[in-house]
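The following pair of complexes shares a single chain, chain A, combined with chain B in the former and chain C in the latter.
== the complex of A and B ==
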């Protein structure tokens, strides 16, 4: 297993390098650059073309993109992710500051959706083709079909504007310092929205996996021997049914980070998704590269963890 | 699978589809609040003065004791949240960047900075310069020397006196190319003698900046400029705090990147949470009128989010989309107002293209656009259609051709000018709603006339290089309705940005624009800018669309706001705000 993990990490290095190179190349093709993104044409005229040219040189934008990439890579390998071309603040500092809210949001959504999807999937499978199953299936289809941004706006309208039970967005109430209740109140709606479509999809997978497991001979044998349904479900069926679900969940983690972009925009949640959108619009190359590096590493680690967890849950799986 | 099961499954799937449609439809439906009429009684009120043409005119008017008032009853029993207490939370324009006059670009920083680091002047709600750190100023007869007199009581929040040396240091640091300062794009710093060749460096000074004494500073200009004072509102920075920071590192210094730790304004900086919000506290050392709030939170929000948070009571002031103004004005806890004319929208014409060189073609295009229709579509009709390119009112030439919508005339003019009806006309716009909507309507209007028009949408970051390119015929532009006509005229001089991208240039206009800066006499300037506007009206290098004000939502618990022509100055009279 250790050899396997080491081999996976070694393979991941050129993969991540290739991703960063591709991203840098693609973003350099996009029209405009940080200087033109920073100021309006009117301001560019007022500042003069000399100012624009000077700024490009000061920010190193006059160099060809392979050289700029090499400089960035060299610095990144030494632990320096640079400074934002827009804000002047340390990119690493900004990512660390935003990572917490994103992890909080995606972690909560993942935890909620994992628990909910298992419950829904198991109930649906046990009561297959009965009204409970049909109702849960219908609701799942609805949540898979309704776009996340729309659901977000809808819950804001209902819970924040009409009922005034919850705030419209943000991480917390500004100026009041940390308060757990305040944080949870702000977290509830965006986490529910982000988790909703994930729950629906995972619930379907869980249901399918449970149905397949429940039809296995050993389950029938266990029941024939007199074991109770709860024990058969929890000790025998669920553990085997979870194998594909673990795989799907692990593969969904990076998608959650990407999917949080929309939810963060809708709820004004100050996370990495919002940072990424702003960085792309303002052509903030250091921030874009740092974020993509982080996501690439997250994908690699998530895939590895999924495979390792899979082998732990299923002793039949062994890696060399 | 048996038939009964198939039918059941089908039933549930149809139900799922129906529920999805219902959810989406329910979300799209706009609420219609009930309207209740009631008569309210209040003590008679006497208004003692009114403002006419920027002058106070004494008047006496009795406001009736009883009024018929229509109030709106919402479906929810939850009472609207009216602001109270000594803490205030407002929305400001979203954006990111340093909180520093050196590097501030955008409303996200102007609003807090106006309460933290004061400039020599500020702008009032009509865009006119009013005293701030400078209590008075004067120009010499030829308008190439300006002297500002600072408030002798002005002091930094750490107790250090604020002097003319701080002003000189701020401007010279900004003019040093190593700083990368963007203040110059607003401030008239480049007009100062020696500014354009200033290289910075130790013990180097700009020849045109003279510290006369601790509270007097003089600027000598390269050429006369009667409007120099208009742009001297940028914040002054404490020399004693930053003088030892190398200029190339100023942008990343915490004072600028995070927030100013020493201030001159009515509020002081407490903290910022990234680009989400700033927390400010009352500055007890401020020498002017004190702020009425102990704590202010300024949240950086886009206008759609600001509208939601105004409605929920999470903020008490913010810009809102024009499309929300009517709905929000029905809410009992909010006042919705449009600031005085703020932005002027116009189509610039790429006269480098041979088929757009003829002024008659451009005139025809303006006749072809029903600007009232475009204003209605893009701004719900909130604005003014007209052609005067200048403000204030004294600069408006009353004899300009209004080019009222006339499709038949447009078609006849185009035909007479030999227009090729197969010629494609590309309308280039950025991704902002105030660009896209007028583009859609203009395209439709031109297409109705038989012109082959298409809309090309480009990203914000690509805007500047694309405007300099060739892949457009008509482009959206918007300018601030500035307090002085010279600023808008400058855009159309041969060195101005608009002229550069459109390829249009008039030597006559250049001469007149230069003349307009050499005198402060309003009558003379009126004649000069009248001629300039006539040239632009005849030649039409741009097609004026309309002028709009900025819609604002203000909670009824907040009084004293006078939202300005230029929304960058939303906190210009912050010390007058109160409960």
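== the complex of A and C ==
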């Protein structure tokens, strides 16, 4: 098992390097450069092209991109992700500050959609092709078709502006100290919106996995033995049906990260997604690189965790 | 979600009757998939409306009218007017052009790349296959919206860059599907027969392998269009799509993000939002119908 995990991790390294190389290459193709982007055209005139050239050398922008990439990589491996071109602050520090809110948001959304999709999937499978199943299927289709930002605005309109039950956004009420209740009320809407489309997709998989399991001979045997339906459903069918669902959930992590970019924007949630959009707008390359690196690692680790979980819950699977 | 069929379709085969004579089995299955038929009709109407937009709307999408700002929906302005007095109905109809064109073109691009890469990879194998698959791994391991965001941020905003951003970064999943199919088809006897008759590799791929992939590609493309519309509108919402004053659905919603507008002038953001949702839903329904019609769903599950 340990060898397997180690081997998988070693295989993942080229993928992670490949992603950073790709992004770095894309950035190197971009027209314009950070120096001219940082100062207004008026200042550029006043400071002169000499100053711009010197600044480019100071920032190392005069070197060809493969060399800049290797410098970046070397520093990143030593824990230095560079400094934001906009704020001048350490990128690593900024990421650490934003990591908490994002993990809280995505974690809650993932937990919510896991539970909800299993419930919906089981109900759909048990009542296959009846009205409950058809209704849930249609609702799932609607939820994968509504864009996250529109769903976000809809729930803000209903629950924050009309009913006034929940806040419209932010991490906490401005001017107040930390309070758990306050945090939870702010978390509820964004987590539900982020989890919604994920739930819709996962529920379909749970449903078909459940249907597949329910047609197995051992289910018939368990029923024939005289076991009650709820017991067969929960102990015999669901536990086996969840195996493929675990894989699919792991594969959805990139989707979750992508969705959080939009949801954080709509709810003004101070996380990594918002940082990413800000960085993209200001062409803050060190921040863009660091975020992409972080997400690449997160996705690879999520895939690895999925495989490991799979081998734990399904003893038939051996990785050595 | 993209591959899961509607439950109703699974019993369709059993209900096929004599009345279906004259249609192929696929066509009759599709026509029996009611959501797919409704979705297809909706899309036909939408495409017609976007092509003949000047005939469908009474106002120019960018025509401002200071004396008629922020009007609620009325007979004259079906969906009201925005803060510059522009007709929202006109902007929704014209906005469909950008969503449909971006989705159509970018999906065509990545379908072409994915098919070519997958066919070459699966047919030739070896080093070419290994390198292409590792490149696919890299792109697949990544949340596409983020890669697209990075790409879009680096280029000047515009419709061509949306084609490229969505088109150049999404081919790996198509390549995977095609490669797997080609691997299984490659060893069939009819391929060996074609080779014995002197057919070239390119000829075999184009004439004997790709036609067999058409149903799968059609289904993939349809779900791809739904996703591309969502990506395009998300980018426009973030301010990274086709720049104003062009009317885009995502952009219209972006313009409406303020507590005052959200609360007091819902027609400004609900209209484009519903337009996106209905269009994507229609495309997904059609995709589901095609999946049922192609008989692929068992394989794909």
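Note that in this section the second predicted complex is superposed on the first by the 298 of 320 C-alpha atoms of A that agree within 3 Å, B and C clash if a C-alpha of one lies under 4 Å from a C-alpha of the other, contacts with A are read in each partner's own complex, and residues count from 1 in each chain.
Throughout what follows, a residue touches a chain if its C-beta (ideal position, glycine included) is under 8 Å from a C-beta of that chain, and two chains touch if they have at least 3 such contacts.
Please read all numbers here as calculations on a predicted model, not as lab measurements.
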Next on the checklist: With both complexes overlaid on chain A, does A:283 touch chain B (first), chain C (second), both or neither?
Outcome noted: both
Item to check | Touched partner set for A:27, first chain B, second chain C, both or neither | outcome: second
Next on the checklist: Quick one: is A:296 in contact with chain B, with chain C, with both, or with neither? Answer first, second, both or neither.
Outcome noted: second
Checklist entry - For A:76, is the partner it touches chain B (first), chain C (second), both, or none of the two (neither)? => result neither
Checklist entry - When the two structures are overlaid on chain A, which partner does A:241 contact: first (chain B), second (chain C), both, or neither? => result neither
Next on the checklist: Contacts for A:263 in the overlay, against chain B (first) and chain C (second): which applies, first, second, both or neither?
Outcome noted: neither
Checklist entry - Once the shared chain is lined up, is A:174 touching chain B (first), chain C (second), both, or neither of them? => result first
Next on the checklist: Contact-wise, after the overlay, does A:189 reach chain B, chain C, both or neither (first, second, both, neither)?
Outcome noted: neither
Checklist entry - Touch check for A:254: first (chain B), second (chain C), both, or neither? => result second
Item to check | chain B and chain C contact sites that coincide on chain A, given as residue numbers | outcome: 30-31, 129, 134, 137-138, 141-142, 145-146, 150, 153-154, 156-157, 161-162, 168, 281, 283
Checklist entry - Where on chain A is chain C touching in the complex? => result 14-15, 18-19, 22-23, 26-27, 29-31, 124, 128-129, 133-134, 137-138, 140-142, 144-150, 153-154, 156-157, 161-162, 168, 197, 200-201, 204-205, 207-208, 212, 254-255, 257-259, 261-262, 265-266, 276-277, 280-281, 283, 288, 291-292, 295-296, 299-300, 303
Item to check | Footprint of chain A on chain B - complex, ascending | outcome: 5, 8-9, 12-13, 15-17, 19-20, 23-24, 26-27, 75-76, 78, 81, 87, 89, 96-98, 103, 105, 177, 180, 182, 184-186, 190, 251-252, 256-258, 273-277, 279, 295, 297, 299, 301, 305, 308-309, 311-314, 458-467, 477, 479, 491, 496-498, 500-501
Next on the checklist: Considering only the defined contacts, which chain C positions touch chain A in the complex?
Outcome noted: 1, 4, 6-8, 10-11, 35, 134-135, 137-139, 141-147, 149-156, 226, 230, 233-234, 237-240, 250, 253, 256-257, 259, 262-263, 266, 269, 273, 276-277, 280-281, 284-285, 288, 301
Checklist entry - Which positions of chain A touch chain B when the two form their complex? => result 30-33, 36-48, 51, 54-55, 58, 83-84, 86-89, 94, 97-98, 129, 134-135, 137-139, 141-142, 145-146, 150, 153-154, 156-157, 160-164, 167-171, 174-175, 268, 270, 278, 281-283
